[in-house]
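For clarity, chains are labelled A, B and C in written order, and residue numbers in each chain start from 1.
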């Protein structure tokens, strides 16, 4: 079996007396789209926050396998920016764009951790810095073209339509060259048309070999996109498997009691 | 627009303010002589003033609301309708002409105007640099620093005390003052930059006051409240200069510093680092998720701002030849903040205008100078309420591609 | 030992004054998340108003008790009005703006009010009449505890009890607590949030006015600048106790008052303000949630 690029084992997170995550295991293989689902309050976003270093988990292991460098790094105890540097990029459930910056600049920020220029470079504008700056602009431009936002490039991010803002978050995360892309409810609040476009977009990104872990409520989207699904409830993993297996899993149906699981 | 309803509202506002300001504005007592002075005219002024201002206030609020409503339309206007200054500066033909004539005007200024005017202008230029320095911290990185004057004091005292104890000259003290201020910035920044915005503001305020109080009380080191005097003016290869020449010389020095600062800040804000600052101002968490080291980025902004304050501090000490803790009160920080806020946070041209307006206007309108701080306070409130982007807001840069081939395609 | 008790009481009365001001900071912060920088100025205006009214009444020959009560009442009325107006003019339009905008506005308001009093009244220190007489029954311990210290302590205690009752048991108090927990939710259940915010400013300002009068009468002089230092110290106390927490503000104030009193009494009076500022910086760095405050977790 191939080496999973993300391996989370025994992840536990306590907030005071509340156990938000309970001994959670999860893995993502290269090139896979994996979904993490569960009812509201199941701890999905907390899981993302623990993995990306925003919260420090109480217990557990988070390992990222970097194929090009052929080594495994433990993400535990790293600051969020270090996690991103190691190759884990994320989007946010409630959009967190740099709202007063242009769309292109938003993506350019994503290139930050892959570039180096500092005070001296900024002042002298030497050849190396300018090349790097060109590279930032060029790559960002390409990513925006791929995501289909190039026509908004010089707009202020805040003025974008809602769906485009969500896509911009993805573009920004992609700019960091992630080994694994974490999407936190990318379709939240989208209309059906936008959701279809989003599915196409995610498939396109995945077809280029990008591994993706996503949290989503839209079952249709999850079932049609994912290679594997993990189901959480009350901070615990209650099921895992292919969409087919999950669809028929009694524990999952029980957790979603009242909610339809159709696709 | 002057409907009965409106008039009634303004009338009520007017009555309210007459009541509100009654004890402070109308009555003045002398508790020793046991006399009371009734200044009824003030009451009339307040009544008329508040009546008119209430119209202005409502009108401005309406305008602001209308703007925020047609937002979709607003950004189109922004593109074409950005302030004429930005449009002029965007066009290289105009830009060179404007900058050239400004430079010429700056150069001949001391030869046309009196020494007194030159001295005032020098002070104004010092505030331009201070404003630009604070602009890095507040405007770009979004860190509200209310103790900026502390770094200014560090610079000034560095030169004063280095000269006093060791006879160190201006040119040696200049970089030391800047660097020492930057070092203070780093030392203070490491623990406090973790804090949330409003707490950071208060901590820096506290720090500013601590520095001043220490200077006031540690007589053996800083000569206490009486301050340090007989600080030499800037030297020029050891040539002895008359007072006037020295002033003109300081003026040119400031012109150079202003140009250098503009160059520096302009290049920085258009760089990878500058973008990171602005992103940090917008959303810290998203910033970290993009791989930006929050602490490092903030620390650089904070200490660069401090560095500039330190540099100006040294020049201030050299220009006035006398410094005391009284030059470094919170008021000073508030003035510099007003400059940045009035001009437009993050906007270089805005800050320059802000400094020139706020420093020169009270100097030339002597009659109004006692109302200076009153006006500064009002400006801070009004700008925040009606025009938070400042008189000349910053505009986001747009990038163009000449479809040049990717620079060798390497990612470093 | 007498010296110790003397310092203890002067620390307590200091703390009581800080508490009166700190409560205004903490209540406003709890409700709208703003450091009301102009709060110290409200206190200063309270002191000035009571000074003006008290002087007039003295000239008119009113009896001592009536002077205290009327001057105090005037201070409360006008300070509350100022608090109310400031909120409407400088903070309400910024309710949805970034946090720092409102803070800058508050700083502007503080500068404006200081200079307004400076220009309309005077920049000199004004001698404030001693409103509180030296009580006869205090005579035996007068060398340790002054009468005005005693009055400050008693008044503050009474005010605190009233405030606690107001917040705990009245409808307004409940609405205030609800608003401070979740403004949107409070609005949805039918609480008039704007009114609650106004009331908060009015209560906070009234307390500051009482503090202003008491301290002015105790120290014996006022000027336009007293609000700035007192404001920062009271803010320190509020943060020390945990900003947003009402018992925290009182506890923080007492701790700060005692610290200052003992530090100046036993160490050096030159650095009186340095102690307070250093304490402020240290708390914010090491325990920004204060003694009784809740640590806030960042929502992502």
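FYI, contacts are C-beta pairs under 8 Å (C-beta built on N, C-alpha and C of every residue); 3 or more make two chains touch, one makes a residue touch a chain.
These figures come from a predicted structure and were not determined experimentally.
> Tell me, please, which chain's centre (mean of its C-alpha atoms) is farthest from the centre of subunit B?
If we average the C-alpha coordinates per chain, A ends up farthest from subunit B.
> Report the chain closest to the protein's overall CA mean, measuring from each chain's own CA mean.
B
> Report the inter-chain centroid distance for subunit A and subunit B in whole angstrom, where each centroid is the mean of the CA atoms.
Roughly 41 Å, centre to centre.
> Using Cα averages as centroids, what's the distance between subunit B and subunit C in whole Å?
30
> How many angstrom between the C-alpha centroids of subunit C and subunit A?
48
> Quick one: which residues in subunit C touch 2 or more of the other chains?
Subunit C, residues with two or more chain partners: 298, 300.
> Scan subunit A for residues touching two or more other chains and write them down.
Correct list: 54, 92.
> For subunit B, jot down the residues that touch at least 2 other chains.
285
> Going by the contact rule at the top, pick out the subunit A residues touching subunit B in the complex.
52, 54, 79-81, 84-85, 89-90, 92, 96-102, 104-105, 108-110, 112-119, 121-123, 125, 129, 131-139, 141, 153-156, 159, 172-173, 175-177
> What residues of subunit B sit close enough to touch subunit C in their complex?
Within the complex, subunit B contacts subunit C at residues 16-17, 19-21, 23-25, 27-32, 34-36, 42, 57, 61, 142, 144, 146, 191-192, 195-199, 201-203, 205-207, 209-210, 213-214, 217, 285, 330-331, 334, 337-338, 341, 370-371, 373-374, 376-382, 384-385, 388.
> Which subunit B residues qualify as touching subunit A in the complex?
Contacts found on subunit B: 71-72, 75, 264, 267-268, 270-276, 278-279, 282-283, 285-294, 300, 304, 396-399, 401, 404, 406-408, 410-412.
> For subunit C, which residues count as touching subunit B in their complex?
Spelled out, the residues of subunit C in touch with subunit B are 34-35, 45, 48-49, 51-53, 55-56, 58-59, 74, 78, 81-82, 85, 89-90, 93-94, 97, 99-105, 107-117, 119-122, 126-129, 228, 232, 235-236, 239, 270-271, 273-274, 277-278, 280-281, 284-285, 288, 298, 300.
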